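Okay, so subunit A shows up in both of these, paired with subunit B first and subunit C after.
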Partner chain A sequence: MNIVGISACTSGIAHTYIAKEKLVKVGQELGHNVRIETQGTIGVEDELTAEEIKNADLVIIAADIKVSGKERFKDKRVVEIPTELAIKAPKQLYKKIEAELHTNK
Partner chain B sequence: MLKKLQLKKHALTAISYMLPLVVASGLLIAIGNLAGGQVIENYKESFTVASALTSLGVLGMGLLAPVISAGIAYSIADRPGIAPGLLMGLIANAIGAGFLGGMLGGYLVGYFIVFLKNHIKVPKWAEGLLPMMIIPLISSLVIGLLIFFVLGVPIVWATEGLTSFLTSMQGSTKFVFGAIMGGMAAFDFGGPVNKVASLFADGLLLEGIYEPEAVKILASMVPPFGVTISWVLSKVFKKRKYSPKEEENIKIAFPMGICMITEGVIPIAAVDIVRVVTSCTLGAAVGGGLSMMWDIGSPVPSGGMFIVPAMNHPLLFLLALSIGSLVTGIMLFLWKKEPTDDEDSYFDDEEEFDLSSIKIS
Partner chain C sequence: MEVKFEDLDIGKVINDDLIDLELKSTTKLGVIQELTHLLYKNHCINSEENFIQDVLYREDQGVTGLEKGIAIPHGKSESVIKTTLAIGRTKKPIEWESMDGKPIEVIFLFAVRKSDSNTLHIKLLQKVATLLAHEDILNRFHQVKTKQEIISLLLKNT
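Presenting the complex of A and B:
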């Protein structure tokens, strides 16, 4: 699957980037193409392009706080989770997502 | 219902906007105070650079309640929440309802704006007026009056009650309070639990209570120092406790710890969550308890080792910090298992999580 997403945590200096790293790495291991935009205290980095969002099959928003730019995902399937989940159990998360998507087809 | 309101997420969003403000203002106060600055009473007379820094920091601290309130209202109601949210925070400042009042004002005005957005229908010619005038005016007016005349009163009581309770605490009560604060502040290394303790301490600072702030600073530094101590012990006694990758992480976590950034410990905790979290929480609780009991106060909310000289008892603070860090360090050293050389365990070890509430929409 092509997956795009956003990560954002309260301090915006650590959890945000760990969540991104986990989602991308574990996602790749499971054969997904993952792109995550970070919204840390420094501002938006690695911003998703319109092209990437258009081609995405799924959006993962791993955030403890309000994220900006959600309207970009209007017609997309979106999963919203706390960063803790992306950090501690990314594999289970992907398995769960795959299962959900499979049953809802 | 409660879950749908997402109270916590809104508070965390507000805290994320508040943090840089508190850090910058706090450090300005610290630098100003250390250089002999005082809050400027009369700007028409001449004043020193140091006094200018202190005053700027104090002014910044005064923005705490408005920023919290505006942050919460923005998180709930998006852009229309910001202006009314700032106003609600100013009311909280004015009537002495502090950060509690600011939080309440933010929630109320935020939800009220959402209600207005959903229910007010205007003719086409007035659509431009809706976000520019109608929503900000009506929401500020209604919720503002509500806080001024009704809700503000119990909040002021609560703030005063809390303040007098904290100042009247003695001996063991103080230790227990400090231990809980410290444990919470260290528990998730800068995550949401830490931020709750942190917000509490910052709020009390506005009421002129400095002790919880010292506990918070201490508890934020115990985890990185404690982990570093356990690593040093493992080198001294030649017992392998950390993989090479973890050692690299510790070398990053320690300098971050000096600056009071706990997050450097996360990669180390992630591979051995129970042992690291338990040891850090306990160490911070012991240090926090001592710090409270010894009446150590910090007028500055953030800045790590650099603002220790600004505290009322710098040496006692260092002692409490050392004891807390030693507890964490020794406990980790004794408890930690020899690492397996599997470098990928960072990605393989997962706790069982209940994922049933995850919905794809």
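Presenting the complex of A and C:
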């Protein structure tokens, strides 16, 4: 699957980036193409392009605060989780998403 | 100022004066105080009291214990003079809320200036955070014997 997403945490210093790394790394191991935009204390980095969003099968928002630019994902299937879940159990997260998408087909 | 990720040298935010592999504290607050004192002694913060307050404020917002005995408390604070990082290891595991429910032995205390125009240092801390997403690296922080080994581990992998 092509997956895009956003990560953002309370102070935008650590959890944001750990969550991103885990989502990308584990996603790739499971055969997905994952791109995550970070909204941290120094602002937006690795901003998602319109093209990437258009081609995405799924959006994951791993955030503990309100993220900006959610309207970019209208018409998309969006999964919203706290950063802790992305850090603690990324594999289970993907498995659950895969299973749900499968049954909804 | 545009900074290239690969140009970043972690040595700019961490040195062996900011590492203590033999923390004496046996409580979470004690560890935070001990590492905060290290930051103060090295002129990275101008008030231990204010910095600790901001670190504890962040603790209230959510769990900073990751997995495998590693915790990343952090304070974004007016008291921070230089955005940096102090690293400590306790003699025995201490009680600390964590994602896998395990006690904590290795602590990365991030100190970030409230309004930091120097994105370079924040990016360096980001690189350290990114590193902490890798389980094999987390394990190695328990095994290192010297401060220099910690720095090399960070240097090699960031």
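The rule we apply is simple: the second predicted complex is superposed on the first by the 105 of 105 C-alpha atoms of A that agree within 3 Å, B and C clash if a C-alpha of one lies under 4 Å from a C-alpha of the other, contacts with A are read in each partner's own complex, and residues count from 1 in each chain.
Convention: a contact is a pair of C-beta atoms (placed from the backbone, for glycine too) under 8 Å apart; a residue touches a chain by one contact, two chains touch by 3 or more.
Predicted model, so just to flag it, every value in this text is computed and none were measured.
Overlap between subunit B and subunit C is detected when the two structures are superposed via subunit A. Of the two partner chains placed around the shared chain by superposition, subunit B is the only one that A:66 touches, whereas subunit C remains out of contact. By the touch criterion defined above, A:58 lies against subunit B but remains apart from subunit C after alignment on the C-alpha atoms of chain A. Within the superposed three-chain model, A:77 lies in touch with subunit B and out of touch with subunit C [touch as defined at top]. By the touch criterion stated above, A:41 is placed in contact with subunit B and with subunit C alike.
Contacts of A:92 after superposition: subunit B is touched, whereas subunit C is not reached. Once the two complexes are overlaid on the shared chain, A:18 sits against subunit B and subunit C alike. In the superposition on chain A, the chain among subunit B and subunit C reaching more residues of subunit A is B. Once chain A of one complex is fitted onto chain A of the other, the partner contacts of A:100 are limited to subunit B, with no touch recorded for subunit C.
Touch criterion met: A:10 reaches subunit B and subunit C at once. Of 2-10, 20-28 or 56-64, the segment of subunit B whose C-alpha atoms clash with subunit C in the superposed model is 20-28. Overlap of the subunit B and subunit C interfaces on subunit A: residues 9-11, 13-15, 18, 22, 25, 41, 64, 84, 87-88. Those residues of subunit A that touch subunit B in the shared complex are 9-15, 18, 22, 25-26, 29, 41, 58, 64-66, 77-79, 81, 84-85, 87-93, 96-97, 100-101, 104. Within the complex formed with subunit A, the residues of subunit C that make contact are 58, 61-64, 66-67, 72, 74, 76, 99-100, 110, 112, 116, 119, 122-123, 125-126, 129-130, 132-134.
Of all residues in subunit B, those touching subunit A in their complex are 9-10, 12-13, 15-16, 19-20, 74-75, 189-192, 195, 261, 263-264, 266-267, 270, 273, 347, 350-353, 355, 358-361.
Those residues of subunit A that touch subunit C in the shared complex are 9-11, 13-18, 20-22, 25, 40-42, 64, 84, 87-88.
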